[in-house]
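In what follows, chain A forms one complex with chain B and a second complex with chain C.
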Partner chain A sequence: MGGLFDLAVPLILLIVGYFAGTMAEQSHYKSIRVRELRMRRMPTTNLKKPPAHWRVEKVALVAGSTVVSVDYFKRFLAQLRGFVGGRVRSYESLLDRARRESVLRMKEEAAKLGFDAVINVRLESSNIAAPFRNDRGTAGVEVLAFGTALKLIRQP
Partner chain B sequence: MILSNTEEVPGRAIREFYGVVTGSTVRSKHFGKDLLAGLKNLVGGELKGYTELLTEARKEATERMIEQARSLGANAVVNIRFATSSVAQGAAELFAYGTAVRVD
Partner chain C sequence: MEPLENNVSPEHPLAELGTLVLGVGGIGLALLAVVWLAVEGAVRWLPVSLEERAFPSASIEAPESPELDALLHRLAKGWPEHEYTLGIGVIDSPEPNAFALPGGQLLVTSALLQQAASENELAFVIGHELGHLAGRDPLRALGRGLLVSLALAAVGGAEGAGVAASAAQLGERSFSREQESAADRFALALVAAEYGHVAGAADFLRRLPDAAEAGAAERAASWLATHPRSAERVAELRALADRNGWSLEGELTPLPRGMSDQ
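Showing the complex of A and B:
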């Protein structure tokens, strides 16, 4: 009886984690694609200097950040992967989402403040909220995107 | 105050350097928010509570850096960088630094 219960709980968590996680990921990707398309007219670069012909009127620091966590199912997959090594796809998509979301937030902030472009974009990630002993507690990764927003006198 | 993570302010010349200015803040997790984050951990995805916490903390660190630059008589901070370090279990330091300058 007790043994069955012990088995059932992780199994249910796994199933719930799988469906909820997949659905959340798909809707997030959809929203990322739509917003990326909308923001594509804003030049964004990691070059340190703007092109010589741009005439800059105003500059400001803009940033966007996202903290993401891994769902139960993905963590399970990654642990399985740990036995044989190789690509951990479940984590790749998570970081990809976080990074694109952060860049989008940065660009959206720049657009909201009336800027035309973002240069010197830097991406940083840090492990915050590290899990407590062996995998308990919350694990999260923060991805920060920041850059210098420019308001141009004439559109490039 | 002009803030930029580039080495110079585009479109303006640097007249004077005042040295490195820093700002930092140490934050710990909010119990209720951590509980929510723990639940969220089940399904994965964004931890909104943490995103807000860190954004707010970073703003605070930046604000302190600006304060220091202003007291030196600067009107801009260039080459700004952010860093995080974990001080203790459940607490993190957010750190902003840059070079205080005077531009035209």
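Showing the complex of A and C:
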């Protein structure tokens, strides 16, 4: 009885984690794709300097940051993967979402403030929640995207 | 331009789960099977002399008692082929219990000596532990404890080590039902050989349910504890005595003077 119960709890958590995590991920990707299309006209580059023919009217620092957590299911997959090594596929989508969401937020901020482009874009990521400390906590990651927003003077 | 979206592997997570569970589980089970076989092999082929050298009884601090020692060696006459240098000590504990350690050292608790109503009863308990030695059970339990801690450490990662350590201790303590039954049968034969009857042998078992089965450690990990229920053990012993024509009635030998004071 005790053994069965011990097995049932993680099993339920796995199932809940899988469905909740999949739903959250799918709706997030849907939103990312729609917004990426909407923002695709804003030039975004990691070049440090604007092209020579751009005439810059105003600059500002813009940033976008996202914190994403894995679900129980993904964590379990990663844990299993840890035995044998290899690509941790279950965390790939996590980081992919965080990166794209952060860049989007940065661009959205720039657009809202009336800027035309973002240059010198950098991405930083940091682990903000330990996954295995005393078997507690959730693997969570923050991705920060930041860059220099430019407002250009329109050529007459 | 459509984004390429090649940063996420296309494999379905459930497919990956299946592969990983089967792969890791299969490798894990294979490893455990190998360790299991190694343990069984070691238990079968490890000479008693080596076991005694690996687990010297001198390292156990338990006061000896000449009366207990005499009883042990009288009983051991019914097991002439043994190779152990047998010894018995008393440990201070409020729970009536007895242990057989790898290397041939027996331990009984002070509570057991106090609660025993007759020598016959005590002889059965000592005989039971001798039965464990005869089956090389303490050695096997050590190996199985290692197995359990290996498995738990693998599942729980480094954090599981603490749990694993306690589970390993638990594994050392608990024997399988067959091991317990075999030890009971062994003990009953020794008692019958010594006293000519088996009266009083099962008395300790009959008192056991309240004391031992309510042990905190066993309640905490009841799934690991596989002690057969005492009522079943008594019934088994009765049937065994009937089959062998050992009388369940007979004169009980009182405990040697001074033994229950320890």
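In this section, the second predicted complex is superposed on the first by the 149 of 156 C-alpha atoms of A that agree within 3 Å, B and C clash if a C-alpha of one lies under 4 Å from a C-alpha of the other, contacts with A are read in each partner's own complex, and residues count from 1 in each chain.
Keep in mind that, in the parts below, contacts are C-beta pairs under 8 Å (C-beta built on N, C-alpha and C of every residue); 3 or more make two chains touch, one makes a residue touch a chain.
Please read all numbers here as calculations on a predicted model, not as lab measurements.
Novice: Between chain B and chain C, positioned on chain A by superposition, is the outcome a clash or a fit?
Specialist: Verdict on chain A: chain B and chain C fit.
Novice: Counting touched residues of chain A, say whether chain B or chain C comes out ahead.
Specialist: On the superposition, B touches more of the residues of chain A.
Novice: Give one of first, second, both or neither to describe whether A:F83 is in contact with chain B, with chain C, with both, or with none.
Specialist: Only chain C; A:F83 stays clear of chain B.
Novice: Which partner chains sit in contact with A:R33 here, chain B, chain C, both or neither? Use first/second/both/neither.
Specialist: second
Novice: Between chain B (first) and chain C (second), which does A:K74 come into contact with in this model arrangement: first, second, both, or neither?
Specialist: In the superposed model, A:K74 contacts both chain B and chain C.
Novice: Who does A:T45 touch here: chain B (first), chain C (second), both, or neither?
Specialist: neither
Novice: Classify the contacts of A:D96 with the two partner chains as first (chain B alone), second (chain C alone), both, or neither.
Specialist: second
Novice: Nearest CA pair across chain B and chain C in the overlay: distance in Å?
Specialist: Checking C-alpha atoms only, chain B sits 14 Å from chain C at its nearest point.
Novice: Share the list of chain A residues that count as touching for chain B in one structure and for chain C in the other.
Specialist: 73-74, 132.
Novice: Which residues of chain A touch chain B in their complex?
Specialist: That would be residues 13, 16-17, 20-21, 24-25, 28, 48-50, 54-57, 59-61, 63, 65-74, 94, 98, 101, 119-120, 122, 124, 126-130, 132, 137-140, 142, 144, 146-148, 150 of chain A.
Novice: Would you pull the chain A residues touching chain C in the complex into a rising list?
Specialist: Residue positions touching the partner: 2-3, 6, 18, 22, 33, 36, 40, 73-74, 76-77, 79-81, 83-84, 87, 89-90, 92-93, 95-96, 99, 132, 134-135.
Novice: Using the touch definition from the top, list the residues of chain B that touch chain A in their complex.
Specialist: Those in contact with chain A are residues 2-7, 9-11, 29, 34, 37-38, 40-48, 50-51, 54-55, 58, 62, 80, 82, 84, 86, 89-90, 92.
Novice: Give every residue of chain C touching chain A within the complex, in rising order.
Specialist: By the definition above, chain C touches chain A via 1, 3, 5, 7-9, 11, 13-14, 16-17, 20-21, 23-24, 27, 154, 156-157, 159, 222-223.
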